[in-house]
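Each of the next two complexes has subunit A plus one more chain, namely subunit B in the first and subunit C in the second.
Up next, the complex of A and B:
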């Protein structure tokens, strides 16, 4: 088997429908949807679409877990013993087992919430970050940026389970959250160890992490306001090895993205309005 | 009241452990190094295959098993310095080139249609041989002097048995036509031939019998 498997070759059965992140962001229906004033975007039980949104998010978590499993697995295989130390591969193997359990948990939670495999699309962006040829960049993009996002998502879902009186959801999210903190910590530890004498490589890795983080802040998906569906989980991030400075700058980045998203939505809505009047 | 001064035998009557064993320290270390090398190559490929396997149940099982074999490699890695090998990498080697050829063949299939070939190599050829080689070591080594290796062998064997059953059951459910029976059989035969040439996970003598060099034409 070759080293480095491209994202396009991820193996799936016929239920899965693949989409890419650009399609989602530039979906022409987006501006129309944005015209509707649907109130705060934060996951809340009192929202009319709460059930549907939580099912869709759970499916997103499920496919994310598959890709996290696949990414950790590829890191065990893609590098020789010199490029990726034995202990790093052991950590990745441990992560494989954890992500495999997360897939099992998310399938069962999906059933519990009424979602079916393949009911929503899958974008393979997470795995794309796991294709980076430098293991340090790979761990920064996946374990720090994306697993950091998983901490935020699971914490938001856990709160949602609590608020909606769903102890099964709350229980499972809490367990997955514990594993994700461990995975982010692995990323933080390996970043420190492998770049101890190479500040330039460390900076490149952190830059890659910021790029991945920025993509998931897009459209105000994550942040600390009511407008953000996913809330930044500062306390759990601290446990996982993020400094307060890192959390602050991520929050600032997220605020910027939220403002940009709002401006884009307003501009799009104005353009639609103008064209409707012109026609 | 318990009489504290009455002498008792150091070994209870039911404790039949004995000093003699088949392996000196060096031989035990050599074997352990071979085990670690093979477990590493196995966990790496299981991890790598996850992304290439469309069947969800197989994909998730491989994620679990990847860690089992990584953990075995870690057990052997930690045992090596205790067997006087302070540089574990020196002994983390295959027994011979033929065994490398065998492992390369195990790791070769990639396409998503080749799940049967992947699983046959691991669950019908390699893991049964891990079970054999570990059991040989377990039964042959000194039950007193080499007790730490025995403890690790037992943990590893427990996983190997469980994993073998998981893999074999999935294989049986995937092999649902006469053509697939043949595919699985062919794959097993090809790999067993290569294994035979290598002499085993720890080379010739993996199961004790000194083996004459085998040639496969």
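Up next, the complex of A and C:
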């Protein structure tokens, strides 16, 4: 079996359609919408298109769970026992079981919301973070950055379930959230153990984590304001072993991304306006 | 003779075709049973993309005035591309609601921008249920979830949904009764204007 599988070779049936992040970034409507008030991005029953936005996000979570399963599975297989200890692989095997369960739960939640598998496109840049050839960097990218993001996403969904009075959503998200806290802890533990005598490698891994975190803050996706659809879940992050300093620095990074997204939208809008004036 | 106007003409941000949309609108009007002679104008907000969806159906001085987000016409699997199937479904629901507004049964209904989210969800369910029985491919679970978001995840709300979905004849008073029954009428006004996406 092939080791280090690239994202282009992930197996999917005919229901799934893959998209590139560039499709959305270079969509001429993006800057126009960014200039408009489309209501709070934070999930809520009062915001416009609440049902459709929830379905779309739920589908994104579902494909994210598939990729998390694939990532953890690859880590069990891609490395020999010297590069990645057997106990680490056991943790990854346990994570595979969790992610499989999350896939099943996400499919059922999609049914509950009226979404269908493959109804929305799939972006595979989550799996891309799980392709790093160094297991420590991979664990930092996946278990600390992405599973940390999963804490934020599930907590936001759980809050939405609570606000909308949806007991199914609230209950399911709460259970998945508990697993994510464990996954982050696994990442933090293995980062410490594998880099105990190699501070440079630890710093490289943390830098990789910051890069992945920055990607997922893109466009103000995550933050602590109403304009961020996904809210930073500080308390759960603390339970997972993130320090207050780490949470503060992630919040600052998220704010920076939101400001950058706003500036980019303004610049793109001005460019569109100038080109319309010139034509 | 019915006049149909689609705005913008032409589209500049997305490759949507005015003639194709006009033909689908004619088809939807016929399916809903809109009398010939009733003028129809449709505004498509081409700046909006999925999932920023929404539509509104009003009647002004006997004319049907429609607004829809460009996201409603967008193929979820191919961003920026037009989906005729999706457009057919949404235009039919819009025309069924416009037909309601042209009847005495809904004469007292306020414009769409003034409906509460609960009223709108109940009315949509009534329209989507009928569209399904007219042969369109409607998805019940999707509508049920949207209804529950505004009326609650309760047995009372589900029973009310069932009645709206199956109904062949509901009046504006009937919609208001349903909102009282589920408790949606007791919710305070929406914090976010219901026509926010329509405002530029």
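Everything that follows uses one rule, which is that the second predicted complex is superposed on the first by the 268 of 279 C-alpha atoms of A that agree within 3 Å, B and C clash if a C-alpha of one lies under 4 Å from a C-alpha of the other, contacts with A are read in each partner's own complex, and residues count from 1 in each chain.
Heads up, the rule we're going with is that a contact is a pair of C-beta atoms (placed from the backbone, for glycine too) under 8 Å apart; a residue touches a chain by one contact, two chains touch by 3 or more.
Model, not experiment: these values are computed from the prediction.
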**Prompt:** Between subunit B and subunit C, positioned on subunit A by superposition, is the outcome a clash or a fit?
**Reply:** fit
**Message:** Under the stated touch criterion, name the partner, subunit B or subunit C, that contacts more residues in subunit A.
**Reply:** C
**Request:** Return first, second, both or neither, reflecting whether A:66 touches subunit B, subunit C, both chains, or no partner chain.
**Result:** first
**Request:** Would you sort A:76 into first (subunit B), second (subunit C), both or neither based on which partner it touches?
**Result:** first
**Request:** Examine A:192 and indicate which partner it touches, taking first as subunit B and second as subunit C; both and neither are also allowed.
**Result:** neither
**Prompt:** Of the two partner chains, subunit B (first) and subunit C (second), which one does A:108 touch, if any: first, second, both, or neither?
**Reply:** neither
**Message:** Quick check for you: in the superposed arrangement, does A:2 touch first (subunit B), second (subunit C), both or neither?
**Reply:** first
**Request:** Kindly classify A:52 by the partners it touches after superposition: subunit B alone (first), subunit C alone (second), both, or neither?
**Result:** second
**Request:** Have a look at where A:27 lands relative to subunit B and subunit C in the superposition and call it first, second, both or neither.
**Result:** second
**Request:** Between subunit B and subunit C, report the minimum C-alpha distance in the superposition, expressed in whole angstrom.
**Result:** 19
**Complete:** Seen from subunit A, its contact residues with subunit C in the complex are 17, 19, 23-24, 27-30, 32-33, 36-40, 44-56, 111-116, 118-121, 164-168
**Request:** Spell out the part of subunit B that touches subunit A in their complex, as residue ranges.
**Result:** 40, 43-56, 59-64, 66-67, 69-71, 73-74, 77, 107-110, 112
**Complete:** Contacts from subunit C onto subunit A in the complex sit at residues 13-14, 46-54, 69-71, 76-80, 117, 139-146, 148-150, 152-154, 190-192, 194, 196-197, 199-200
**Prompt:** Can you list the residues on subunit A that touch subunit B in the complex?
**Reply:** 1-2, 5, 9-13, 66, 69-78, 86, 89-90, 92-94, 96-97, 99-101, 103-104, 117, 127
